[in-house]
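Once you've had a glance at the structure underneath, I'll fire off some questions.
Letters A, B, C and D name the chains as they come in the text, with residue numbers starting at 1 for each one.
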């Protein structure tokens, strides 16, 4: 495999007014948690496998100790009358050029499937261990901004200040060339930990927007486990700060947290 | 978008003896500040958009929370009878090969537009927080060196010692193959901070060279704000040096400053 | 040489039900030690040389001070009636894209030679200086997992947790597209040192699976030498821990070991 | 310029039994110092310029403040009846693939010019600030090893242990495919400093091998200046070791030296 290879698993895919949800690995794995959860709960059908030399040379090992070459996958499902397309995967591109190539492939597939709007899902790193269930947004379409404000998505001028990097951002940009509306929804998250709590908040919002109902009990449980870990971390951080010589305090604790995520 | 894509927004572009000004992000963002300022104040017209897999996979978020795929753009305007072409953008190439590809595209466009001379604008890092309003130069043409000395551009043999890296340097080199005269003008700047003060000095010089008048009040205001920040930084640095154990002094304060820019 | 170049040293290669063993440099050089040892002891014949711009720009210097351009090589031999193909080499690809290109070339050659099963050999880093002679496995085929359990290969669900990266993993994935069964066998090793002891354990297991006998005296000797080094290291580590200020203990000793491998 | 571009400055180049000397930037800039010196002293004629997207996007600034796009250059000259080809340049390739592409171009040119033997010149890093005037060698041809031993080139089995990386090594490897004999000659050098003293020793050896005489007074002068710097460094190092807390001694002084080169 010297080139990106798209394997189509189903010939005849009929969708109407479909919405594409993108949940690839990223900050706090928030987007990935949401889309992987939806694929399972909505019993979505896999219709494309994408393999590429722009993914790492790597296999993942599953429960039976058998392996799977890392890839991205596209699923479809119907929920409360809506056609939903889901893009999930083990990795984003390892190279800049690969990001553009894969992004172009995804938008071409979206166009072919008649996708009318795209939500790319991700995390917004706050650097704080705790935060409210806020979801930040940005869009390639001003009407979409107005519409999403009604769902209490937070929009701040020029934020994120450094733009949105990676597939979540790039797909907003590339879809403009195909006149597909797209928004990025980012759950607030520390940036240090895989964050099921942020995913839960993002999924709740998304369910309202899509007008669907999804069982979130598993995410909820993982979120509770995570809250315990955070509580322990914060306690440890506090103790550490009291024990350390003063000049090392801030940097040392930040470093420690960074290695957890 | 798998390849660099040039979108031409205007078919018939008639210029005479045009001068190209290049202001891409770089040291102190000096060049970018000058060119972005000129585009606004001279009411320049956008005539090309350049998108490329050699730019980061990223969108910028604007005031309305809508996004723009990172790109470079070419504008044209007329000022005091001079035809001016301006190259601005969010990023330089992320790869070495991309630098050469994009540089070649820019010089080909410059040639097509009949550009007769090029000024690439940038910053010259001094490592000092304060400095005079000096502008350093280098050129691909000895006559241009002589001419620019009359405008009090500083030329020092073999400086910068490490050459000029990035678009500002490469475009001087590539334009030689098309026999286009080009000079790099570098405003002295600390290298740690975005520097509107250096941009103001560079713009003043450039206005003399081009024989144009530009309102600089906004840059002036930003330069004053920046001077306050620098004053605070220097005070903080002084205090820090007095408090720190001696062996950590120099490196620690340098590190701190580096994170500000 | 601008492209990967495969030099075929023998036209007519007749194999039956061949097994491919892959031993490229990696964790503890375990796989490389085993395959290089087998090539020597089984008097295998070199049939392919692979050169590539994806290998480092480097020559190796041999005993006579003459050089060899870094490459990968494919050997064949017959042992106790089995046809064995061996892939050895100085380096893995330096780039992600190169990994996919070279991996595809290897699997194409394996298919052409009628290879029926593949064992990629490597090390499994434990972070501990000492450990038992365990071999971990993962496969692209569930029957192969069952079969290898009979040889006391350890299989753990979802382990290694980060998947298997590099040629050892990728070849498991790419061979699935050609319906070739493949397993990765990983000898437990510290991850800090070239590990002939782990190689010896892996070779013993492999000999049982292939039903062949191989003289391991050299590996044994090197393993004994290594055990002495490890004993010295552990003693040094212990002393170091007693001497160091408490807060530096763990990180410092880990760092030291890392530089040995 | 999207591709490597070879500009031929002279059509008819007639050489006999030519020797190619390669002196690109590298350890201690030993090879570059020797070849740049020879080009000047032997009044060599430039016959090829090579520009490439695999070089950094950079111009060098010369004495008149005019610029030159970084490149590699090939010169020819006749010295004491010998035809000599010299490869010099500002940089080596920035990418692995570029190394192979440029190396192939150089060997193709060498073949076309009828080059019969190649010496790639470099430095051999010892980590010590002072050392004898020794030159290490490696070759792609056993006869050449024997011959060079007569000139007191040092050959050690399997050394350098990590092979020879970069153009100096790669060209030995690539020239084997064209049946051109090649040796790498490496002057011993600290690895921390640009080393005219090592260059002087290497040039003296090379002059014997080529049976030519070259004025080395400039290199000698630079070598003397350098010896003073080294003497100062060693004194500084000694003082520093006496002042520093014991646990920081070795690493700190090594770090310091590394920033000088």
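Here, contacts are C-beta pairs under 8 Å (C-beta built on N, C-alpha and C of every residue); 3 or more make two chains touch, one makes a residue touch a chain.
The shown structure was predicted, so the numbers you read here are calculated from the model rather than taken from an experiment.
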item	value
Separation of subunit C from subunit A in steps, with touching chains one step apart	1
Fraction-based call for subunit D against subunit C, same above half, different below	different
Chain separated most widely from subunit A, comparing mean CA positions	D
Cα-centroid distance, subunit B relative to subunit C, in whole angstrom	50
Approximate Å spacing (C-alpha centroids) for the pair subunit B, subunit D	36
Touching pairs - complete list by chain label	A-B, A-C, B-D, C-D
Of subunit C, residues touching subunit D in the complex	1-2, 53-70, 94-95
List of subunit D residues in touch with subunit C within their complex	93, 96-97, 99-101, 103-104, 137-142, 145, 155-160, 163-167, 169-170, 172-174, 176-177, 184
